[in-house]
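Which chain is which? They are A, B, C, D, E and F, in the order written, and residues in each are numbered from 1.
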Amino acid sequence: MLDLGKYAGAVMSSWGVTILLLVLLGVITWRQSVNARARLKAAEDRRKARNG
Amino acid sequence: MTNAQRTKQADDRWNWLWEWANPVKFMALSGKVLPFAAAIAALTLVPGVIWGFFFTPEADKFGSSVKIIYVHVPTAMMAINIWVMMLVASLIWIVRRHQVSALAAKAAALIGMVMTLAALFTGAIWGEPMWGTYWAWDPRLTSFLILFLFYLGYMALWGAIENPDTAADLTAVLCIVGSVFALLSRYAVNFWNQGLHQGASLSLDKQENVSDVYWFPLVLTLVGFVALFVLLLLIRTRTEVRLRRLHALETRERMIDA
Amino acid sequence: MDLFVENLTVTRGGLPVLEGLEFTLRPGGILILRGPNGSGKTTLLRTLAGLQPPLEGSISLEPEAIAYGAHADGLKATLSVEENLHFWASVYGTHDIAPAVEAFNLKGLLNRASQNLSAGQKRRLGLARLLVTGRPIWLLDEPTVSLDVASVALFADAVRAHVAGGGSALIATHIDMGLEAGIFDVSPFRADPNGAPKVATAFDTDFEGAFE
Amino acid sequence: MDLFVENLTVTRGGLPVLEGLEFTLRPGGILILRGPNGSGKTTLLRTLAGLQPPLEGSISLEPEAIAYGAHADGLKATLSVEENLHFWASVYGTHDIAPAVEAFNLKGLLNRASQNLSAGQKRRLGLARLLVTGRPIWLLDEPTVSLDVASVALFADAVRAHVAGGGSALIATHIDMGLEAGIFDVSPFRADPNGAPKVATAFDTDFEGAFE
Amino acid sequence: MIALLIRDLRLAMRAGGGFGLGLAFFLIVTVLVPFGVGPESATLARIAPGILWVGALLACLLSLDRIFQLDYEDGTLDLLATAPLPMEGAVAVKALAHWLVTGLPLTLSAPVFATLLNLPGTGHIWVFVTLLIGTPALSMIGAFGAALTVGLKRGGLLMSLLVLPLYIPTLIFGAEAATRGTEGMANATPLALMAGITAGSIALLPFAAAAAIRVNLR
Amino acid sequence: MIALLIRDLRLAMRAGGGFGLGLAFFLIVTVLVPFGVGPESATLARIAPGILWVGALLACLLSLDRIFQLDYEDGTLDLLATAPLPMEGAVAVKALAHWLVTGLPLTLSAPVFATLLNLPGTGHIWVFVTLLIGTPALSMIGAFGAALTVGLKRGGLLMSLLVLPLYIPTLIFGAEAATRGTEGMANATPLALMAGITAGSIALLPFAAAAAIRVNLR
């Protein structure tokens, strides 16, 4: 494994924070997308059902 | 040529572009582009990040902490550029009333805010070993904090207004006025305090041949972050288009039930 | 001044409420707007007054000819009747409030703060504002709410005097005020929320297949 | 539980509005409260509900037996229909919202945020709240405002079922809901603002001559 | 009671519910102060505990009108008053909800903002501790002020004027305890006094506030 | 236009109109800070210009929602929009009225409050001058923020969040000019820049604010 010397903490935590934030952003984006798809599908189905 | 004809011709020349602002067409096209965007993001980001983290040497002044540059600089640049993109999208919405444009601005805001936060955190963490403090009221740091506040206000305004067209108009106005004041703040902050932060003149690429060692992976990660932004932006804009359609359907349902 | 409305579609919350409206209002004419609750009368009046843009169609007049009387009266609770009227008179550049005071029998109330008026008195003051605008076309949204019989008669007289002087009025109301007027029922123009819209908004067109 | 009201005087803004009210409401009974606008019906109902003290007279019941339905429905715009009902159910310690949902035909709306309901639907939700209180005496202030004919019938059925189960209801309304009920007109009890008050408030007694 | 608490928290989380706005305001005040007084970190560190306390207090203050006003406007307060819930309990629960939504996040984030003001490490702890003990008093006193002004239109500024003087003792003891703690001096006395204020407010003010609401509903 | 100005001023003077509340808030903030920061007069004098500026800014901020909200709620704004008064003019006049009712009294009283913070004599003058030039910008920028949020219920805290970042340049130049002036240094540059912001805001923001109001009335 890579030896980061005395800056190990700084390097690891800044990379960690960035990756964590990006992963969070990805998860939120994904969940919102899935959610919106489902709700829209339900609404479109209701509309089709109404219009026969 | 009369003025009207001239505008007409200009319209024709750009029609191919504006047509994609139609929500249906946008959904079709973006659906096709999405896999490619994902591929490009993966192909640049993954090698860039691995190269930057594992295969770069220590620098004189920075030691191994120089590796932070691969998360700090891309996030910092994206944070600014995403705001500029939102400004352009807002202007397009105000001038040409293309719905997708407004929704894209809305979709970009969260990405921009996360980038700003990441730049702030990584910078602060880097500052501790370099300057001996997590935070100093350095102009560049300070203007980033202000940028964060602008993102916060912009998103809060979107969240507070129910009618999507009203929200699009008001946030666009806020974005435009806010940009002017953000720029003013940048100068004000510069005037107010001299800084510790690296100037662009010190940027690593301009120094001897060692710097290439840092420069190439940095460029790769930069491209990777841009691709990642495009990918996330497409997904999020598609979500916003869906939500907007959902809003239209639900309003309609309410009219039926009433 | 004639008010021509052609093929007008008005929206609320981004969706068409009334579609394909057509009517004409000539000087000296009164048109009564009818329709059940929620049918879109207020929306139509606000569009004509220039407060919101129509989705489609044309209105022959600039909003500059129009005096709009809304559900809310726009009275300041701590100002007196006279101060309220004077304010609107100077905004419209008229300045003489005496005829308006006369027409709505507000003489005895001139120095009363409007928060101390009863609901009907407040409404009378709101209607008196129309007279000080000096504008030819009145657009009124349920002007007789909370008025008693005598005050409704005062109001009807004011409208008659206004049209006799070459003005005109478009009035949304549920009651019969005894005016000789045309009736315009908005019900036939209601947008069908189920059917295909006559005018499509961006997110209202056929999205079939777009969201697979 | 019987509700006896004796010699009751209710006030608004410090002045008596209705004086010397007397009536009785027994289990299984419905009483319709009538009177023109501003006559004091709302004031009376608020007094009975314990929201304001009477100036004089007695009410035989503690407010604990009463469910009050006001002009405003107390709905939270961002909560769903189900969450709104559940909240009131837990406040009153009942917990079963199914019968209320059933009675007011809210099944299809359970997950809709109440800000997205039409005025009539909102009102139905507000009335469903009465059923989850589990209280025997209903005091209702114009419960049918903005309801269409079908919903008024639903409401009348709910009231009938409530009194059949031993409850009772006092309803202020201007319309006829087809209920078999007693009628109580408040007009004869209106306090005369010019005459001598039957019940004197502190600054209303013999100040004659005090301010010469 | 639990139902009321859950409802209030849920409302705060929903769109437009205001969760996070108090935090944002706190952040902004913290940022503004250096712009006003200048960037020297020594000066900033000195005044940091005081500024954080004043900022937290103002953020609390500005969110107070949400405690009762919306419930008053939509009629919920009328219905709550006739429900089998003592008004005192409802007031206490609503103050608790306000604290959970405003005071607690402020307390938790104060150390981060303290960094912005260059406060040294020990200061972080003391700012956190004093805010943790003091903010419940701010919420409860604020609920009392909100109850007094619940019937008024745009009563916000008036409420600020009523509430601010009531906040002064808490502020003095809280800021004093934090400053002394930061400088390594003994601060048991101001801490104890502040805790006393908090305990007293929570024990007594619900009654006063409930009485005020009943009067306002009349 | 004049009629609108006179009306707004008259409303502010009447009972409940809010005249003086901004001033009272300013006073309270100025009083709170010594409680928070501690009473040493050297520290206080150093931070005094900054604190006075931040206090004036917050006092301005809290009175902003009166600019349009009441007119929106009682329907006056609808009627004004259909009146022969350009909305841009109405916005400018209302911002002016807000300044006369809030900014000007703050400016006039700032020297008095400066004494409370142990600011030396020259400082009084500079605080006064900078506030005189800067507060019009605060009112105008605030009117823009109020216009953005006029359609929202209880939008006050959101408005603060939107407006405060826009206040930053004015605050920096204002406080900087005041501090430098107090210390006898040259302060022509920040003064000129602040005057520029004021002039620019007054020239351009009425258009943005009027557009926002029209959107909100739609």
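The rule is short, and it goes like this: a residue touches a chain if its C-beta (ideal position, glycine included) is under 8 Å from a C-beta of that chain, and two chains touch if they have at least 3 such contacts.
Since the model is a prediction, treat every value here as computed from it, not as a measurement.
Note on connectivity: the fewest steps through touching chains from chain C to chain F is 1.
When chain centres are set by their Cα atoms, the one at the greatest distance from chain F is D.
When the interfaces A-B and B-D are ranked by C-beta pairs in contact, the top one is A-B. Taking each chain's centre as the average of its CA atoms, chain B and chain E sit 35 Å apart. Work out the mean CA point of chain B and of chain C, and you get 46 Å between them.
Centre to centre, using the average C-alpha position, chain B and chain F are separated by 32 Å.
Between chain A and chain D the centroid-to-centroid distance comes to 50 Å (mean Cα coordinates, whole Å). Among all residues of chain D, those that touch two or more other chains are 118-119. Residue positions of chain E with contacts to 2 or more other chains are 15-16, 21, 24, 28, 35, 38.
Of all residues in chain A, those touching 2 or more other chains are 37, 40, 44, 50, listed in ascending order. Per the touch definition, chain E reaches chain F in the complex via residues 16, 18, 21-22, 24-25, 28-29, 32-33, 35-38, 43, 46-47, 49-51, 53-54, 57-58, 62-63, 65-66, 69-70, 152-154, 156-158, 160-161, 164-165, 168, 171-172, 175-176, 179.
Residue ranges on chain B touching chain E, taken from their complex, read 124, 133-137, 145-146, 149, 152, 156, 159-160, 192-193. Within the complex, the chain A residues that touch chain B are 2-8, 10-11, 13-15, 17-18, 21-22, 24-26, 28-30, 32-33, 36-37, 39-40, 43-44, 46-47, 50. Of all the residues in chain B, the ones that touch chain F in their complex are 146, 149-150, 152-153, 156-157, 160-161, 166, 169-170, 173-174, 176-178, 181-182, 184-185, 187-189, 191-192. Those residues of chain E that touch chain B in the shared complex are 15-16, 21, 24, 27-28, 31, 34-35, 38-39, 41, 44, 115-116, 118.
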